[in-house]
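Structure, as structure tokens:
Letters A, B, C and D mark the chains in the order given here, with residues in each chain numbered from 1 onward.
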Amino acid sequence: MIDISIAGASGYTGLELIRLLLKHPEVRFSTLTSETYAGKSIAEVFPSLEGHIDHKLVPLSENIGNTCHILFLALPHTTGMKWMPQFLASPCKVIDLSADFRIKSAEIFEQWYHTPHLQPDLLPKAEYGLPEFHRNAIQSARLVANPGCYPTSVILGLAPLIIEGLVNLDSLIADSKSGVSGAGRKASLSTQYSECNEGVSPYGLGNHRHTPEIEQELTRLANRDLNISFSPHLIPMTRGMESTLYAKLKKEISTSALQEIYQRFYQGEPFVRILKPGSFARTGNVVYSNYCDIGVTVDSRTGRAIITSALDNLIKGASGQAVQNMNIMQGFGERTGLDFPAIFP
Amino acid sequence: MIDISIAGASGYTGLELIRLLLKHPEVRFSTLTSETYAGKSIAEVFPSLEGHIDHKLVPLSENIGNTCHILFLALPHTTGMKWMPQFLASPCKVIDLSADFRIKSAEIFEQWYHTPHLQPDLLPKAEYGLPEFHRNAIQSARLVANPGCYPTSVILGLAPLIIEGLVNLDSLIADSKSGVSGAGRKASLSTQYSECNEGVSPYGLGNHRHTPEIEQELTRLANRDLNISFSPHLIPMTRGMESTLYAKLKKEISTSALQEIYQRFYQGEPFVRILKPGSFARTGNVVYSNYCDIGVTVDSRTGRAIITSALDNLIKGASGQAVQNMNIMQGFGERTGLDFPAIFP
Amino acid sequence: MIDISIAGASGYTGLELIRLLLKHPEVRFSTLTSETYAGKSIAEVFPSLEGHIDHKLVPLSENIGNTCHILFLALPHTTGMKWMPQFLASPCKVIDLSADFRIKSAEIFEQWYHTPHLQPDLLPKAEYGLPEFHRNAIQSARLVANPGCYPTSVILGLAPLIIEGLVNLDSLIADSKSGVSGAGRKASLSTQYSECNEGVSPYGLGNHRHTPEIEQELTRLANRDLNISFSPHLIPMTRGMESTLYAKLKKEISTSALQEIYQRFYQGEPFVRILKPGSFARTGNVVYSNYCDIGVTVDSRTGRAIITSALDNLIKGASGQAVQNMNIMQGFGERTGLDFPAIFP
Amino acid sequence: MIDISIAGASGYTGLELIRLLLKHPEVRFSTLTSETYAGKSIAEVFPSLEGHIDHKLVPLSENIGNTCHILFLALPHTTGMKWMPQFLASPCKVIDLSADFRIKSAEIFEQWYHTPHLQPDLLPKAEYGLPEFHRNAIQSARLVANPGCYPTSVILGLAPLIIEGLVNLDSLIADSKSGVSGAGRKASLSTQYSECNEGVSPYGLGNHRHTPEIEQELTRLANRDLNISFSPHLIPMTRGMESTLYAKLKKEISTSALQEIYQRFYQGEPFVRILKPGSFARTGNVVYSNYCDIGVTVDSRTGRAIITSALDNLIKGASGQAVQNMNIMQGFGERTGLDFPAIFP
């Protein structure tokens, strides 16, 4: 039994961490922080939790790491990094759900996030928390940078094509569709119900902040420089994310053969499911679970692989993956606390 | 560890039973039936279940009860009753999620369901499976008639007012709003996405089939005849149900005093949560859980109690309540397999 | 051809006024105001208008009334009333879509809106702009208080029962369901997409500000004091509002007979449609139109009339009704600019 | 004033034709057909139309063309073509909203639609009804094949890149997202509310029937063979369609320069709006209008043009475009009956 704390417990990823960890047999809650709701109990903020947890919310303090084994940072980007040295000076390990330590280069971080990186010296210590590719490094890491939701769906979908050398690296395109909860829990005009209901809105085409994260990790897997066109779209649903991925095949291959390559590639992975040939990944089959479903298609007319990848943006795209990383870091079974199916309908 | 079977596994309540029971520590699956999908595996019908269960679906047979301890009937109304004698002749106990054995009078059943009741002799053997009021009888029942979703929300909300004698019995009104999943899983024009999205549709006002069920049970609690105006509405969401309940108070009482009465009334109930005075029950706080939230308000200007009651129509309104009944019948802890919070957002 | 100005053009009711008046053959636009977006063109704020109007937004000034025949105030409650004397000193007529001049008693206004009324002397000059009951007074009014969306749906639904003396005046209940656009266009946590999608939320039961407005107008029609229980609910759709109305009948009457009374009552009304006996009012049949559909049912088992009333909250519940009032005030045909059917699906 | 008839009036495109033509100053209704609802009035089928039209529905007959100037066929694919010779033998002109006469080659039609083409001889007589490219031919056509919704959004978006020779023709990708009304009005399990709400579903990747239509028309514009990867996705909204289009630029160009090319290209087009550089096309700005909005972006990092194109699938993607074609065929002003802005929110 370990103690865990959550900084930023009153946001959606914080709430989802609480909900998942409530049913995790190996953890108990230490500190939950919130600046906005400090003094209230978490069940007052989220009545859905009534009867399950009643911790009082407190403001974040730099010594939070002294009273827990794992500290989850579920804070807005750039707000947690100022105290990272203090967190790491404590005995705890840190899983940071923000983007602060995902980009290895402080320069690239500053270019895309338009703010200086406060802890460039700590960047080498952070491991990118995508278990499917960095399980060993995560196991021994003190600081895990939990991946973004879009990068998780795109990297898992494209990795086999890239690692197996099947496609031209200058042909990569990711067209992603996300539910609105990805925008977080804050009052904003653009994510008001009436503003985004019943409409699809492309945004950040060509300059979304998840682009360098995707490119960094795919480059690492390919061992060769590459770039990608990444196009996110907001669609009218609360949860779920689907990426349709395009890449030019170097040579002809059938859908079945490509699907087998994917199946072999992810053999044994607890949270990646490769669909039958001809099936496409639908968010309806993964929401509320930690799965990423991947559908494999070859468009033989155009010589492209078209991969569909679906996950729950708050679970495999955020809090579920963070729990998976915790399981790895602590030596728990990787499915512990995450071993449930999606909910449909 | 007991064996359970589900007749009608390819509908929404069947699926929800499977999903809940997969995480129940005391059960394992015996037989899953489906006429439409017989021969397929359940995970082919519902890919959300992939990796968790792979039972082959078979047609329903009259001797299904021989190979399980509990048989759940998740069939459309009037399709399961023909074999009820055979089911009860086997060693299993039956939890029937349809309406077939909820109405004690075959005559009233036939009047509202417009079809003859095939097993009037068995009606006295069926216990109405609302644990909050019939826990003891359920414990020893061979056949439990699992309540309808609307009746569960209305009865739980009104019972304290009626049992405590606080209101005029001729003043009862239930205005209920339901998500679309309550209509079940079948191709129908009226529940097509484009037909019911972005609109609210009252239906069955004054003649919905859940009316006699509500009246029968409230009459039983009141020990006096009563009737109710019951008005269901279809609203554009998949899950969730809210009932706003009106009753004329016999004498003045404050909201706080009435809320305390409710709190005392449901003291110790594992799945009923009484909200603070001035809070209203919202489906967002109960969906995907087995809770029924109840908000208590006195409209002192008009002398009415206005009660709001919210639940998940597929869980506390159907499959979760069925599992709760199973727990009672088998002597398991009543929260076993149901001890999780709602999911928000 | 008259000149019209709109104060508060960058809100939803302002936008809807623009959209409707663009197709009105008798008006042209003078001034559009917005504090937030002053300096921008209206089509920059609402790209849906691109190619149709390109007026520059300006801040509201007290002499706006000098350059138009009709001034529409589409401002938040209590922000327009400070300059009402100046507006009325100009040659223009005013149609106020806010609640500021709906309540005849400054005292009652202050009790429900928790702010002093700044122009109690002007209250007698304002006519309540519900054309079905006050057409003549509206015709000669200088200041029309455009009704709230909830009051429009409730008053139109209950009026025949009350005026014809068919029901007990102490038995009135209105259970209303509204789309989210009724909350207006502003960043707010509670109306964020992820907060209110897929859920139904009762709010303001027993103390919503539209209650005194409904009671005032029904009292005026009944010529006798009365009160009502009014329960609004937020449901997950952008537009539309449905009220289910309950009243105890003084004596038995059939649904058909009651429906005929309604039909006769609203004979000749251009925007009230009485449905066939046994049909219920659905928002899907009225959205994007100026109609209010009314369904009439007698629940003979309980002796109640149950009336369903549906309208588009931004049209018959706000901007469309304002245009209807303008047509009456200017002697245009009452359907001018409003003579279009609802849009389905 | 001309007489128009609609075959298939009880589907969504039929209803939308009726709604649009009701406000068209130059037409009156002759015959409305429906097999399913023959004998009923159209307002009984669609109560939204009550008070505006009350034509009785009749079954389709082969001589329907004798009593109208324009016959709209809003029938399911392959059901109208059997009587096309009779229709064309009558004095009327035909606008066919189905796919039957869009594909010029009967062979390709049969390959993608898996059914023989019954009227191969008539294929050369049909003009593809995309006014932006075939206005003159449409003007003199007896039979217009009204384009599909996906093809309209894709062709309008890609045409300038192709005609101006700016991109590699083997690099074309269209990733499209559609609301559910595109599936038409029929009971089907996959488009049940609960099945497709809150989820995104790719479908038909690599083999959707609109692919050959897109390729045929782009080939015609390019005057060179080409193919495209076309990926449709169903998303949870009733109306609207957005296509994100990718093409490799032959040489560097700035977003502004490309946007100017688009603007010049569509100069004077009444229903194509080119957005400012850096803006993306959102369905929320076009729904309920006949506009197609196009956003132009250059992803300079990857050397791609990324074009976003949004329209209302039932209007510019179907019935509105059909009215636009009628206007051209009859010499009416092209905006007649279509000159209204989108509706937001």
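Methods note: a residue touches a chain if its C-beta (ideal position, glycine included) is under 8 Å from a C-beta of that chain, and two chains touch if they have at least 3 such contacts.
Note that the structure is predicted; figures quoted are calculated from it, not measured.
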Third chains touching both subunit B and subunit A: C, D
Pair sharing more residue contacts (C-beta pairs) when A-C is set against B-C: B-C
Geometric centre distance via CA averages, subunit D-subunit C, whole Å: 36
Geometric centre distance via CA averages, subunit C-subunit B, whole Å: 38
Centroid spacing, where centroids are CA-atom means, of subunit A and subunit C in whole angstrom: 45
Per-residue multi-chain contacts in subunit D, two or more chains: 12, 179, 181, 185, 194-198, 236-239, 282, 284, 345
Contact footprint of subunit D on subunit C as seen in their complex: 12, 15, 19, 22-23, 46-52, 181, 185, 198, 238-239, 273, 275, 279, 282, 284-286, 288-289, 291, 293, 340-345
Residues of subunit A that touch subunit C when the two form their complex: 12, 179-181, 183, 185-189, 191-198, 236-238
Subunit B - residues contacting subunit C, complex: 170, 173, 175, 177, 179, 194-203, 205-206, 227-229, 231, 233, 235-240, 242, 244, 246, 280-284, 287, 295, 297-302, 304, 306, 308, 310, 345
